[in-house]
Amino acid sequence: MNIIVLSVIVLGVIGLFSGLILFFIAQKFKVYEDPKIDEVEAVLPAANCGGCGYAGCRNFAEACVKAENLDSLNCPVGGNKTMQKVAVILGKTVEAKDPQIAVIRCNGTPEFRKRTNIYDGATTCAMESALYGGHTDCQYGCLGHGDCVVVCKFDAIEMDPVTMLPVVNDKCTACGACVKACPKNIIELRPKGKKDRRIFVSCVNKDKGGTAKKSCQVACIGCKACFNVCKYDAITIDNFLAYIDPHKCKLCRACVTVCPTNAIWELNFPPRKIKEESETNKEAAVADENKNKNDETLQ
Amino acid sequence: MDNLIISQSPHLHAKDSVKKLMYAVIIALLPSLVLSIYFYGIGAIVVTAFAVISAVAFEWLIVKYLLKKEPSIWDGSAIITGLLLAFNVPSNLPIWIIIIGALVAIGIGKMSFGGLGQNPFNPALVGRVFLLISFPVQMTSWPLPIKSRLINWHFFPSDPKALIDGYTGATSLGIMKEGLKNQEVASSIMEKIPSHMQMFYGEMGGSLGEISALLLILGGLYMIYRKVISWHIPVSTIVTVLLFSGVLWLINPQTNADPLFHLLTGGLMLGAIFMATDYATSPMSNKGKLIFGAGIGILTMLIRVWGAYPEGVSFAILIMNAFVPLINKGFKPKLFGAKKSK
Amino acid sequence: MLKTFPKGGVHPPENKLSADKPTKILGIPEEVAIPLQQHLGAPNKVIVDKKNKVKVGQKIVEASGFVSANVHSSVSGTVTKIDEIIDASGYKKPAVFIKVEGDEWEESIDRSKDIIKDIKLSGEEIIKKAAEMGIVGLGGATFPTHVKLSVPKGSKCEFLIINGVECEPYLTSDHRLMLENADELIIGTQILMKALNVNKAFIGVENNKQDAIEHLNNIVKKYTNDIEIVPLKVQYPQGGEKQLIKAVTGREVPSGGLPIHAGVVVQNVGTTFAVYEAIQKNKPLIERIATITGKSVKEPGNYWFRIGTPVNMIIEAAGGLPEDTGKVISGGPMMGKALNSLDAPMTKGTSGILIMQIQESKRGNIMPCIRCTKCVNVCPQGLEPYLLMNIAEKQIWEMAEKEHNMDCIECGSCSFICPSDRPLLDYIRFGKQKVAAMIRARSSK
């Protein structure tokens, strides 16, 4: 009995003593942190994706608390809602930003873009790109090893086994991880657009028209057809490559039909009226069908 | 013409493969197995066969149904684990115990860390130590070697119990440890155990595969010749044990066994040549390998002389396995053109 | 005991199929594509235009900086276009296309076979002339020779080493050069010695070229006692600059340093010959020897070719592309680059074209690392390839730099030996690119 009492007392004293030591040390080395950081962190998505440009959500929260205004800070994953909450906590205002989504600017499927050699090495795009131009004659196009799929934390991008091209789905939060991972700079973040409707040039080939066409049948050849038809000055052509400015584009779809190589894509549009189809040539109709098919895969 | 293949240099590859390396180890182990069958009879075959088959089977099952990958059991690594496990147990071990050992070795020792090349501890030794602690009685009753055992083996002996129990005894190390504890003189204990020559070629009691230093060394030389292992770990382990026991013996030959005794008994040769040199669990640089071997030697001797167990090679190797990441960090190969330290 | 480097190395099968085939002259193609940049360093600018007539030896591309080299026309004819072509790098690079008309040489070039022994120019003039003639290292790295010869202030060059090791399997172009042009080689060595102001030179030759060693020993006696032929153990990468210096002089190039920091300059035998021709014969670097070889090639051989000749042509000369071709490699099998187009032009750096059979050109399945330490043991630079690959897979570039991945000489011994067929060098090379970019970004800040 005596032993039990004694051991309880001894252990109790040791415990109390250690507790005191811990308490004083904790007091002495306490680091002051703004409690607002915790509050801000709590409303963030906690994905730690790095899309905001900071290493993780906590770093972003710290930056928000420190920053004078929130204009240059944005959490692409949480979007406007989250930023609004952050602004409320910090007593600041924040402008609403257009939600964005990643688009793949390459449509060179094996059918249109012939393989000209066999790559036999480590299967990452970064490695293949470091070695040489790629396994097709187009040195700008998708390599198809899916580095973008690996880095995506939201399961928003996956490889289509038939087209060998990545496909972005609705889960995309525009964190930009895939944009950074792609060694060919094919992926671009563009505004989601009204009703998710988007028009963009699905090619980044900067070769001269003839060379581009030879290496890939659906490459942008810089023919200026879209440039001439656009009423809103939304299209620029640089290095034999067209680019559609999403802020100027009014989604009229005029450029889509004139593109001779079907390099301009429209997403999430309703099918064209039959009347319209009869006016355009057959080729465009076929192209349209293809595009709608692609739309389906996208959804 | 088909499309050309593109890959980075080098475009040549040596003919080595994991399979070839593993089968070279198996070949190096075979002579000891044959001798063990000669001395211990059918029991040795049964234990080895069950160890190998269950090790391979467990690996296949785990890869197929737990990891859901394509099993690649024929790379030989599971066979080696099974063989080494069998080599580390007595030849009369009940079959259910050896199967448990194989499960622990493959399941806990290897696959739980991610399989081939990922395990920090030698899987066979994990299995062996698990069995030693769980089933101390069965794991320490060693049959004595009898030359005619295989020839006079009866599948249906009139008294099967006599055949097993009648011939078991302690190992030389056990006898030595017991004797020294009872204040006996080392030289008088030596008379109770096999001579050095017998130990060298393997006529002594012990685990299935550890008995013949001669055949184990031959296997080791074969592996070094085939460039499967480098000489660093075995040599440094053996030299350390020689030095350590030599010093003790010179201080007092009455209470300490001679260095040769330490070298030839127990699992030292098996451990130094086959277990410590396991790829995944040994250091990468040559300097690190020497340190690793020396550590095994010192720990083995500490356990043998002052520890509770008569034999300490398995524990020594497992303890040093834990130090491997540290050794890898601390002892890098010499960088070409590195500035000399100031 | 033959000299060699202290640690690591492998011994791939030598397969020197064309060692006893005397060099032939490959004809002039109908059109050449001469890449603007055939050296390591700053990009160049073109000084000819479309429809210009050029002669053999006329300068068509001018160096734009110190670490840069001129390029001369290797044929006479008309410039048709300046366009891009896929070269050995696998990327499209700008090149000057010339349609061949006749074979008209610049008058200043001495085309006779006479051997000129007198070295009239001073050291500085030699370096200037080497730069003018567009000489680059012909061992494969194509570093401009005049840069190597200009010893920076504060360092002193004590030895010159001529690299006749040719440790790459299959290749025999240096071997043939040493046998057939030994006199020119020795004079070239003397020119280089004068330029560097050194009085001791070594010619390192691997011991599998006994005939070359004997021949050079006989020839060198006629000229000088200052040049020593050093037979070296047959071990890859004996011809690596740092390994060669260690083997011959016992000196170690400091980590991250250049050979000159150990007081040594290394030049390839091909370069030495080109220097001889440039200085004594006024001939710019417009042709060189390449080996065409491979197990299925009908007639392996060694050819003098004009810079810019398409790869196809040398393959035709060797009996055409074999049926079972899997890979065509520019250079040797250990460090060469796989070509993806047979129209690619052969350049100053092309030491050989190797055609590999389909069964030997496929890589094995990648198995997990079993940590067998073979890569660590064969690395001549004392690195840990398995670790560097791990780091590169995880993309921790700061750590890669700390583990000295920039010290890798890309000899490929680790990938060659790996029993698990792991692409160690692929990852290390990738890491080197990333770390180099990181270092550049840091220093530009």
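Chains: A, B and C, in written order; residue numbering restarts at 1 for each.
Note that a contact is a pair of C-beta atoms (placed from the backbone, for glycine too) under 8 Å apart; a residue touches a chain by one contact, two chains touch by 3 or more.
Fair warning: this is a prediction, and the values are worked out from it, not measured in the lab.
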{"item": "Intersection of the contact lists for chain A and chain C", "value": "B"}
{"item": "Pair of chains ranked first by number of touching C-beta pairs", "value": "B-C"}
{"item": "Innermost chain, taking as reference the mean of every protein Cα atom displayed", "value": "C"}
{"item": "Centre-to-centre distance between chain C and chain A (centres being mean Cα positions), rounded to whole Å", "value": "43"}
{"item": "CA centroid of chain B to CA centroid of chain C, Å", "value": "50"}
{"item": "Chain A-chain B separation of Cα centroids, rounded to whole Å", "value": "54"}
{"item": "Shared interface positions of chain A, touching two or more other chains", "value": "116-117, 120-121, 131-132"}
{"item": "Touching two or more other chains - residues of chain C", "value": "90, 340, 361-363, 423, 426, 429"}
{"item": "Multi-chain contact sites of chain B, meaning residues that touch two or more partners", "value": "4-8"}
{"item": "Touch list for chain C against partner chain A, complex", "value": "84, 86, 89-92, 340-341, 361-363, 423, 426-427, 429-430, 433"}
{"item": "List of chain B residues in touch with chain C within their complex", "value": "1, 4-14, 16-18, 20-21, 72, 75, 77, 115-118, 227, 230, 279-280, 282, 284-286, 289, 332-339"}
{"item": "Residues on chain A engaged by chain B in the complex (per definition of touch)", "value": "115-121, 131-132, 135"}
{"item": "Residues of chain C touching chain B in the complex", "value": "7, 10, 12-13, 90, 169, 242, 246, 252-257, 321, 325-329, 331, 333-340, 342, 354, 356, 358, 360-364, 367-374, 376-377, 379-384, 386-387, 404, 407, 410, 412-413, 415-421, 423, 425-426, 429"}
{"item": "Chain C contact footprint on chain A (complex, rising order)", "value": "116-117, 120-122, 126-127, 130-133, 139, 211"}
